[in-house]
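Structures for review follow.
Each of the two complexes below includes chain A, the first together with chain B, the second together with chain C.
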Partner chain A sequence: MYRSLKRWWWLFTGPTIAAFIIGFVAPFALGVYLSFTKFTTVTKSRWVGLDNYARLLSDDTFLHSLWYTAAFALVTTVVINVVAFAVAYMLVKKFKGSNLYRSVFFMPNLIGGIVLGYVWLLLLNGILGHWARSITYSATYGFWGLVILVCWQQIGYMMVIYIAGLQSIPGELIESAEVDGATPRQTLRSVIIPLVMPSITVCTFLTITNGFKLFDQNLALTNGAPSRQSELLALNIYNTFYGRTGFEGVGQAKAVIFLIIVAAISLLQNRFARSKEA
Partner chain B sequence: MRDPKHPKLWTVLFAIVAVAYLFPILLVLINSFKGKVFVSSEPFALPNAETFVGLENYITGIAKTDFLSSFGWSLVITIGSAFLILLCTSMTAWWIVRTDNRFAKSLYIVFLFNLVVPFQMVMFTLSWLTDYLGLGNPFGLWIVYLGFGAGLAVFIFTGFVKGIPTEIEEAATIDGCGPVRTFFLVVLPIMKPAVITVAILEVMWLWNDYLLPYLTLDMRKYKTVPIAVQYLKGGYGTVDMGAMMGVLVLAMIPVIIFYLFSQKHIIKGVVAGAVKG
Partner chain C sequence: MATRKTAKLAAGLMAGALLFGVTACSGSSDDSADATGKVYYLNFKPEQADDWVALAKAYTEETGVQVDVQTAASGTYETTLKSEMAKSEAPTLFQVNGPVGLQTWKDYAADLSDTEVYAQLNDQSIALTNDDGNPVAIPYVMETYGIIYNKAILEDYIATDGAKITSADEITSFDTLKSVVEDIQAKKDDLGIDGAFTSAGFDSSSDWRFKTHLANIPLYYEYKADGIVGQPESIKGTYLDGFKNIFDLYISNSTTEPSLLSGKTIDDANSEFALGKAVFYQNGTWAYNDIKDQKVDDADMGMLPIYIGADGEENQGLTTGSENYWVVNSEASEADQKATKDFLNWVISSDTGRDTLTNTMGFVTPFKTFADYESSNPLVQADAAYTAAGKTAVTWNFTTMPSEEWKNTLGQAMLAYAQGTGDWDAVRATFVDNWATEVELSNQG
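Coming up: the complex of A and B.
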């Protein structure tokens, strides 16, 4: 049977490959090539070598957004995972409504990033209005506003994964730890946390990459204001492409750097996860 | 895990936290019934005789954004793309696992690579290419989404297929089924849990995606719901905050209803996706 299956490659893989070339492979290859050219449209390009990469190094908005994004990803990763784990730890205990609360905390993930951005714009500006300020008053406001929004959105998602991890721990293990006289804290540190390590690695991976790739929420909440100071990397690249003529090549070079950063994080994370789980 | 010592106290505590958690959404709902001036000036006040405007915000919001047609196009794009992704990538994943030759292996690696590439990398060239090929309409997006979304789907499906024993498929072959019938009559029904997982993850992404449709669709003819919301912000100076509130509520209602009916599947799907991912 498997011999005859090979002959059917065109039916089983053909449509996916064709779409994959249109939706990914061709734009990707073309994107890498264009990062070494000066272009205004895809068909009008002139080879400039590493010129675009040199120019992005002297682009202050890019360097700023790079640090801003790294700080953002770090803060959100820590807060989301600590809170999500704590909530999951409490919700696996059986009390009235614990399933309902699970559903409530997960819900924001279903609502799109643009909509969430405007929901929080109303709330945050409403609060800041008491001091006659708004979210776009400074990049610090924008930073913490985005942190609150993203934590609110993603805690429920990671919580669900942690709950699954916690529930897969055999009850006897925890009971035997208690019989042996371990305090709840000792049980948590020496039994529970090592056993939910796979969930921790998945959740940190998701939160870091989500932090780096964040776009919609940033666009809706601050759109980079004031003067591009609250711009995360994804939005910075977008604005370079579509906001400044003559900078398309620089935008594409930024995208390549962006890809390298995200890919490097994924690789490192993967290697770290395997070493922990083995 | 052990039950808490004071279960009632925990219920009360979490009830308070849950209400606080939903507060941002409730706030938008409350403000959607207030006149546009009062949304900005007193966002935390309940509507009263002076500020209450009934459904006015909803009516202007729907009119200003042409919300109903956006909603329709969002449905067309999401359902069509999700169906195409499920059909094509499940076939591809089965073929990759069962054939397992050099071509299948390299194909799998390229799909894996797709997973880590952020959209910004292909943003400019993809929007040019879709335009060039005439795919800049809701039906063309089915193909674009199949292409860009293939990585995750193939990844989850291959993980699942690896766990299916081959005996059943071999039995089907002996009974005279060719690969196509074996796949659709035997394999696909077994893959149902994975299909539900992928369907959930893809639908969550497709329905909410903003940038890809914004950059590829002809904005004079087609908008999706996220694009309609963003358009309301527009470039024309002051935003009609009342209409904005109405549209935000309209954008959230279908998602919340969908969630209420299928939350068990959604949560299971997310967990299954995370374990494989």
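Coming up: the complex of A and C.
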């Protein structure tokens, strides 16, 4: 059996490898290659070296959206994880209807980003209308509008992961902490949180990368208005690629930088959080 | 032993089948070099999507040539075009929006000098040419914009005490327009309206009316004064004060608080006009489809030129031009290019084509073949009336604006000014300084 596997492995892994190359490796390599070229359609490009990266440095909108996105990812990561954990902590207690609450909290995830953006656009504009304002009035409005929307959407999802983490803690541990005279706060800090660390790792990873990659909601809610001031990175790249003639390569270069940033941050976060796991 | 071999063989075959399945998906289909050629039109105007499909079907029934029509969703034409052109079955016919758009697609623009659509142009100089001077982009629809107004409400106003005018014909300058607009705004409750102007919405569905169309007026006067043809490297902004005047008039005499403008859409403006809640509405002949058959009768729709207080504006007509140019894809096969040119020829010369373009789509076309076709659109008729009265039509100079980015920056600066978060100096800076910057950037590389 082992010998035939050794001989025939390529036949078995071949389809997967082929699919992987066609679906992942090729577009990725093409994307990186295109960031060094000038092109209008992706099939007709001309090598220009580091030109696109040089032009990118003088683009103020890119730097602005970089900071804007970093702030956004930070705020949403903190808010989503704290609230999701709190909700999960409450909903693992046995009480009537706790399952119903779980479903209700999870539900926003079932709605697509664009639709969600438009629905929240109506809601937020309706409220801001009292002060004769709308969400695109300034970048600050857009920022908090996006934070509210994304929190509303993702808290339920992270909650599910935290519930799974909390339920896997053996009941005896909590009981023995109680017997030893620990206050609920001490139990939470010294017993529960260290034990759900794997869930925290996963959830912070998901929220950070989601924060950086956010696109649909941004597009539907503010579309970068006013003055491209509420533009997150992904939307900035999209607008550069499609919105500006002759800037397709620059957009591609931004995408490569974007990839490096997101990859670096998630690797660091993962290493840091794992080191805390029990 | 035999069973093991069979199992191995079967597994191998299955894996092989899977592998084959995957590669087959990525296989290209270059085997369709049909001798008769076919047409694939990527249409720009969503409002006429169904009409083009019907037209294509009629052509196929008549000649047997396959014509596919795709329409990009509103505001996504360039995006769609970029991805469609990268495909092996690329559009054989697409559109550019003027010289700046053509600059992007010049490598894909076929020479059209031997075509009927070029030969039949009333004025061949409106076709766009490539670097060698050959026509490569043909406008197929002439459009007009200005300030659409509601004649019925304006007559109600004229009947009020102390009205500034006795007839709409007296509005021939910015000053008259301003006094009328401000008086109407003051009397809006008596007239039963929400404001003189519809909301000057700065949502992306509506902001082109200002960052592009309104900004064309000061540009037109500057080009005229300085004798500029084509795209200048830089501009002076001589008429920006007039631009500010008209924009101030729009935002301070409307149905809407300026701080709400960022979220207002074209639909808001359409409905405000169509339901008779506002008298004036800056838009063009194409808006007729959205405002007809509601509260305002066709007979009550008129159109005024956009006045900004420039010298000699008494003779100013409406703003007329085109940003819809047909371009044949030069990368398509010879047969497809020929089929495409034949299709275009049919569109402008057959009865079906001419009837669809004029009556169904409501277009005014620049071709000789349309001499006996007259539009029923009252806004088009308003334009004809101005031309007949000897007024000078304002040309569409916004097609020379350096880039989309320039327009967007201007639009956002105008919005900031309107809602009070920015000042007029920023608008001036984005208009004048950014022009030179963007021209340079766009011509880079």
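Here is the rule we use: the second predicted complex is superposed on the first by the 257 of 278 C-alpha atoms of A that agree within 3 Å, B and C clash if a C-alpha of one lies under 4 Å from a C-alpha of the other, contacts with A are read in each partner's own complex, and residues count from 1 in each chain.
As a convention for this text, a contact is a pair of C-beta atoms (placed from the backbone, for glycine too) under 8 Å apart; a residue touches a chain by one contact, two chains touch by 3 or more.
Source: prediction; values computed, not measured.
> Quick check on the superposed pair: does A:A225 touch chain B, chain C, both, or neither? Answer first, second, both or neither.
A:A225: touches chain C, not chain B.
> Considering only the touch criterion stated at the top, classify A:T136 as touching first (chain B), second (chain C), both, or neither.
Touch partner of A:T136: chain C, not chain B.
> A:T41 contacts which: chain B (first), chain C (second), both, neither?
A:T41 sits against chain B and chain C alike.
> Touch test for A:G251: chain B only (first), chain C only (second), both, or neither?
Only chain B; A:G251 stays clear of chain C.
> Between chain B and chain C, which one contacts more residues of chain A in the superposed model?
After superposing on chain A, more of chain A is contacted by B.
> In the overlaid three-chain picture, which partner chain does A:V75 touch, first (chain B) or second (chain C), both, or neither?
Neither partner.
> So in the superposed three-chain picture, is A:K93 touching just chain B, just chain C, both, or none of them (first/second/both/neither)?
first
> Return first, second, both or neither, reflecting whether A:R102 touches chain B, chain C, both chains, or no partner chain.
In the superposition, A:R102 touches chain B alone.
> Go through the superposed model and pick first if A:P15 touches only chain B, second if only chain C, both, or neither.
After superposing on A, A:P15 lies in contact with both chain B and chain C.
> So in the superposed three-chain picture, is A:W152 touching just chain B, just chain C, both, or none of them (first/second/both/neither)?
So A:W152 only meets chain B here.
> Output the chain A positions appearing in both contact lists, the one against chain B and the one against chain C.
Touching chain B in the first complex and chain C in the second, residues 4, 8, 11-12, 15, 19, 22, 41-42, 125, 129, 248 of chain A appear in both lists.
> Quick check: in the complex, which residue numbers of chain A touch chain B?
1-2, 4-6, 8-9, 11-13, 15-17, 19-28, 30-31, 34, 41-42, 90-98, 100-107, 109-115, 118-120, 122-123, 125-126, 129, 152, 157, 160-161, 164, 166, 171, 174, 198-199, 202-203, 206, 212-213, 215-216, 219-220, 233-234, 237-238, 241, 248, 251-252, 254-256, 258-259, 262-263, 266
> State the interface residues of chain A toward chain C in the complex, per the touch definition above.
The touching residues are 4, 8, 11-12, 14-15, 18-19, 22, 38, 40-44, 48, 51, 55, 121, 125, 129, 132-138, 223, 225-228, 242-246, 248.
> Show me the residue ranges of chain B that touch chain A in the complex, using the header's touch definition.
On the chain B side, the touching residues are 1-4, 7-8, 10-11, 14-15, 17-18, 21-25, 27-28, 31, 39-40, 43-44, 84, 88-89, 91-92, 94-96, 98-99, 101, 103, 107, 110-111, 114-126, 128-130, 133, 135, 143-151, 154, 169-170, 173, 178-180, 182-183, 204, 207-211, 225-226, 229-230, 233, 241, 244-245, 248, 251-252, 255-256, 258-259, 263, 266-267, 270-271, 274-275, 277.
> Looking at the complex, which residues from chain C come into contact with chain A?
It comes out as residues 8, 11-12, 15-16, 18-19, 21-23, 25-26, 78-79, 82, 85-86, 100-101, 103-105, 107, 202-204, 257, 259-260, 262-263, 403-405, 408-409, 412-413, 415-416, 419, 421, 441-442, 444-445.
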